[in-house]
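In the two complexes below, chain A is the common chain; its partner is chain B in one and chain C in the other.
For the complex of A and B:
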């Protein structure tokens, strides 16, 4: 399979992963008054007590990292496709790919560190 | 052997925005891209802001205090609505990509239904789903809180 066809397949699969985990995230964070799930401390979902309770959970820590990777890949690959459709010269197209890859890796490192460090902090409290 | 050199994207960004004589799905395509770019921009900022939870309760509270207020509530709702649209339209796109919603191939004997006509109910269904999620989200954001 050609490289871009493989990347496109990953883009679609990442979309399905995002649909599941971002759907769950949105339900927890923004439909709390209707559904009231995974906010054991009560109050608002972003209250520190709820953040700690979710941070303690291995399920939430692992799925945050999966969602982080899937969303970064899906979003940055989508942005790359949009930019390449504008027909940049070859050198610029390659540069766009490299810059977006580095941006993705940087944000993944930050987000994954935050998820693991938050889990460590929450379990130590 | 003839070699295709591709078609240059002469219209550039206007090619997205101007649907021309294309149908309803063309505008869904444009909106899918716009919401995708908006969600990506928000997501990168969201990673930075929410990373403060790994530092201390004070750092988390300070970060949340900086993104609180009516303007942020409206902004967050727009992100939620963009998610609802992008997700529902994404389901439609995956179903079409997999060939599950394009109908069976038929002999093109006039008058025939085009593939777009076959897909249209799915597009309408996806938008109804997005609208339901947006309304429920609106209730949660602006009425129940």
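For the complex of A and C:
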């Protein structure tokens, strides 16, 4: 019975996580001239040296995975809500939930693997 | 409003014993300044359609019986002046999002049943005091403010008719029952939060509300059900995260000391209920 309360609470918490990490992303990528954080090689934030340095960082690898999970959950839960507002029959509502769960898990596994692979590659350079 | 002394009523009529589907009928009635939409309906009934059915009672926006769709907006027929519609055509239909019993009479039972499920009354453990009260429960003016505006609800169903979520999801309880559950959850004399929580945590709870705000816009009593629902979400989320402060329902107020009845003032009659 608690399912709806639980999902909505995590939806809001995921939104907060996205806000923090997207804020960090914006600060690194678009405010480098002012802040200049996490760009140890200098120059543009997407220069090879900076990308490799961030790739070596466990902190960044972890934040990529957390942001990926939060964004997938937040987005797919929102999509589920929109689809359920079309008032599908019960079986279709359940099917939508299962399909979105599988899609989310699939993308999360792929994205997490990519983040870890990038970290492994960067540390080997 | 033009200078003509007549208005046209477009009325959506439906008799389940006679009609396969609802249909619109038009009537011309004389207009007089100060006429409400309800006055006009009585004139339609008097002059053209004696069988026309609707609910109404108090004529002063208190009982909540005459909720209907007036020129596309849910409202009370007794509380809506024809002049404020700024048109010579008054279109009236039963409240949407409810089945129609006949003509302008919506079937409000789903709303009332959900309202009852959410226990819209003071829930306390001290049943004895509740059944046979010996004094009043203490409440400060600040605590009263937490729920006062929600207690002005007259259960007319206008908010339910305006809610886009209730229109598409019959499992969603809708603004009236949820706002009334919040009215009691926010009452310092009430201890029923845990009892209502199970239903509110489910899909019948406030989770599908995405704050369109139509319920608050159309409420004829100025209640803000959308706010009640957001406050309720906050309380429920804090409860789920175990961050909500549990509070005991307020205790009995002490009887004032040293105050007696003045001479010549008779005793109140014995309670009849």
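Keep in mind that, in the parts below, the second predicted complex is superposed on the first by the 124 of 125 C-alpha atoms of A that agree within 3 Å, B and C clash if a C-alpha of one lies under 4 Å from a C-alpha of the other, contacts with A are read in each partner's own complex, and residues count from 1 in each chain.
We adopt the following convention: a residue touches a chain if its C-beta (ideal position, glycine included) is under 8 Å from a C-beta of that chain, and two chains touch if they have at least 3 such contacts.
Remember, predicted model here, so these are calculated numbers, not experimental data.
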- Kindly classify A:123 by the partners it touches after superposition: chain B alone (first), chain C alone (second), both, or neither? neither
- Message: After superposing on the shared chain, does chain C or chain B touch more chain A residues?
- Response: B
- Between chain B (first) and chain C (second), which does A:76 come into contact with in this model arrangement: first, second, both, or neither? first
- Task: Using the touch definition from the top, say if A:2 reaches chain B (first), chain C (second), both or neither.
- Result: second
- May I ask you to decide whether A:85 touches chain B, chain C, both, or neither, giving the answer as first, second, both or neither? both
- Task: Please indicate which partner A:12 is in contact with in the superposed arrangement: first for chain B, second for chain C, both, or neither.
- Result: both
- Identify the overlap between the chain B-contacting and the chain C-contacting residues of chain A. 12, 85-87
- State the interface residues of chain A toward chain B in the complex, per the touch definition above. 12, 15-16, 18-19, 22-23, 26, 30-34, 46, 48, 51, 55, 68, 71-72, 75-76, 78-79, 82, 85-87, 103, 107, 110-111, 113-115, 117-118, 121
- Message: Per the contact definition, I'd like the list of chain A residues that touch chain C in the complex.
- Response: 1-9, 12, 81, 84-87
- Note on the structure: Counting only contacts in the complex, chain B reaches chain A at residues 8-9, 12-13, 33, 36-37, 39-40, 43-44, 47-48, 50-51, 53-57, 60-61, 64, 76, 80, 83, 87, 90-91, 94, 97, 136-137, 139-141, 144-145
- Query: In their complex, what parts of chain C are in touch with chain A?
  - Reply: 165, 168-170, 198-203, 205, 207-208, 210, 233, 236-237, 240-241
